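Naming follows writing order (A, B, C and D), and every chain is counted from residue 1.
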């Protein structure tokens, strides 16, 4: 492509954008709104992931050991647990510490434990899993280990928590899928409409001997510029909106942890801009196609 | 592939219709078995009652419509068999004045004329020189920066004429180019066409203007009901069928 | 409020332009200080070079454009001062043939003509009778079910004429109604206008057709550069300025 | 309005819908897609509410009583707790039952408790709050009661749970708000575009003496029909989609409880249909307005 052709494209596209006035505004806004929706749903997915991961990381397995094990055996069991795939963290809780904790939790009723001749509680390991879903399986495998008396984890709690986080994941991904497809559809439809409004112009250009590419190029450039403009707008809205949300939540709901802004904005703007440009170009390409058909002419 | 001019040497006629019939989608037969030859450099008037098929005949040449049966040769090439990408090259050789003007509404008068040149790949420099010149010739230089909606019917028609002649086409197809012009302006336009024709450009002009046809004493092809009913060198516009 | 006909009694002239000047947004002065009176039942030709201001003058009457200065009276009412809701009532009294036809592209020929009647609140029964009749009179009955894109330029023009006359308007404003018609068809249309005029309808017709103006021997108002340069009862189309 | 006028409107609208081909299809799809998005987000809000409510209803307060209280006193405290505003359910847990539960939870280690001369555990009431947010306040007020030794509730757990459910509520409502506004915007823009494509037609009609209402009415009818068609489509998609989702989740994630289909579809379809029609009518009204302006003519 010669430089003059590229300049022609850019000039024609800019002129057309200016002269088409509110049609341009409408198209850009549709791109922007759609991408804001999409960007918002991406943020939702990211935050849901973040939140559920943090919640799930709290789930622990308690592995109680048999009484009167040799210190070496205790250590060996600890090594075995550590080396099991899916284990994130292991902490040894000697029975003395366990008793102390029990006394604490019983409060003023604790003196009942003073009567005991010997500590009835066992040594234990507290294990964190990498993934909450693995907890039941891990617990099962620890139960098989020699020297392990009993394995416990908050059975009901884990399942409940998993049900919440699962639901969150399913819902947020589904939503993002639907919104993504809708955004693509809305943008390409709006571009089709703006091309449709100019079908007569296109047919006249063809009659004057313009090649399909000559007609298409300014439309492509126009689509690109409008896609870019819409995406920039969307990025700005999503960015400012998210920053504001994070700030607001930090004050009013301090226990909710959102993905920090910097982390979000390493990927999201690039993705939205890329998507806006692609949609602009392909939207124009596809919509102009039918008006360039040579079937009749 | 370049549209090939070298074939022209073996061809006597610029345009050749072989038994062309055109039936539109809705069943209207606009042309019936038209056979017609036009030599290079001729000036041909196409006359006939409203709805006779004059515009349709012209549309066959620049391939706005395809014939239902028959062949149309232009410059030694079969227009009906052209591949898609050859069509623009055909059209750039033909200057068309449309009955309904067909100006680009979003472009100014000057831009409308420039566009016909830009399409052919003319240089910016050449365009800047050629456009004001041709606008001057049709008396539209003053309105160069107006949009089509801002000028009168006759002015729009003259812009259409300027656009058709600006890239020195081999053939000019003018569909009632003086229908919206007063007799004085029409006469100037006809003089312009005469000059262009003398420089070797073939002109086919559909018209209802009896004065003009009778004045010019050129070939007159009369169509009626989709058939050629008379074809006279140096003819006149006759009332009789 | 009904548009009031009772005022007509005190008025001698159907149309009265008082010092009308029209300058378009882009600074073009299309009409300069026009004063003009037209009596009820007159047949007036508006002639003049392309861009003289004929169409603009007509647009003042049906209020497509407002004058920059001056007043326009129609049927005893000041058109410039009409309220928004009175404008449709004004327009229903006027049949307009537009230079660029302005047919509704999504409606068939018959529907285009019906529309002008439906707008006035005519009954379905009346419409069913009147539309074929008027299409017959302009020779377009056969094409009743075609869309505007499916008929020739001259045919579109005749549909525009049919639409203008179908609701028996007080005034017909015809802007070059024969520009796309062959002499025979043009003559038929002029006879039609004559009949309508004899039945009391005032007709103002902008035209470039010298034959027609000279044949009819009616009042001829000549405009040039936005000014009335001559106004003769039973005039002819003169070349001289 | 005369019947003939209404018939005229309907006829014109239908003819125009048919003849405008894909422009109609585009507008209807945009209405449908936007309403599907909106409907989906309403479902999200409903399910989130349902889920969080169910989770929060699990939060309990344990009120431990002083030792050796008279049965009458125990009963009186129970009455007082029951009559506190915000209490949903009260259950008495005698110390014998508490000991049994403790034994159960200690498993094989339980024989240590056999050595005890007397039951060291207190009688207790387990209280469910109407609203999880009230739990801390209720706990505080129970602590003031005579005869109450100690009040406990899963302090960390409640706050964590509340953080999740709060976040869910905020997110789903925000989302619905954004999507609702976007849907309105998208639909009205698409209607504007379709009117814009026909502005020449409108101006011709005005020149033929049509009143503004005469021109507007078929557009309104068209907007109404298209809004209705889009809404019906949206209701069908949302309905079928939701039924399918509920079925699928029942099988694959049985612990997730969705609002049952019948409950959802008492409100949602009506709301979507109403919205579709309203948007269709007002969208047309607003967009046609500028083309009817008498400023110039």
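What we mean here is this: contacts are C-beta pairs under 8 Å (C-beta built on N, C-alpha and C of every residue); 3 or more make two chains touch, one makes a residue touch a chain.
In this text, all values refer to a predicted model and were calculated from it rather than measured experimentally.
Q: Could you tell me which chains make contact with chain A and chain D both?
A: none
Q: Averaging over Cα atoms per chain, report the distance between chain A and chain B in Å.
A: 62
Q: For chain B and chain D, what's the span in angstrom between their mean Cα positions?
A: Measuring from centre to centre gives 67 Å for this pair.
Q: How many angstrom lie between the CA centroids of chain B and chain C, rounded to a whole number?
A: Centres of chain B and chain C (C-alpha means) sit 30 Å apart.
Q: Could you pull out the residues of chain D that touch at least 2 other chains?
A: In chain D, no residue touches at least two other chains, as defined above.
Q: So which chains actually touch one another? I want all the pairs, not just one.
A: A-B, A-D, B-C, C-D
Q: Quick check on the complex: what are the chain D residues that touch chain A?
A: Within the complex, chain D touches chain A at residues 22-23, 26, 29-30, 33-34, 36-37, 40-41, 44, 47, 51, 55, 58, 107-109, 112, 115-117, 120-122, 149-150, 157, 159-160, 162-164, 166-168, 170-171, 174-175, 178-179, 182, 185-186, 189-190, 192-194, 196-197, 245, 249, 253, 255-256.
Q: Okay, in this complex, where on chain B does chain A touch?
A: For this pair, the touching residues of chain B are 62-66, 84-85, 87-92, 96, 98, 102-106, 115-116, 118-120, 124, 163.
Q: Please output the residues of chain B touching chain C within their complex, sorted ascending.
A: For chain B paired with chain C, touching residues are 24, 26, 28, 47-51, 55, 99-100, 146, 150-155, 157-158, 175-176, 179-186, 208, 210-211, 237, 239.
Q: Write out the stretch or stretches of chain D touching chain C in their complex.
A: 4, 8, 15-16, 19-20, 198, 201, 204-212, 214, 294, 296-297
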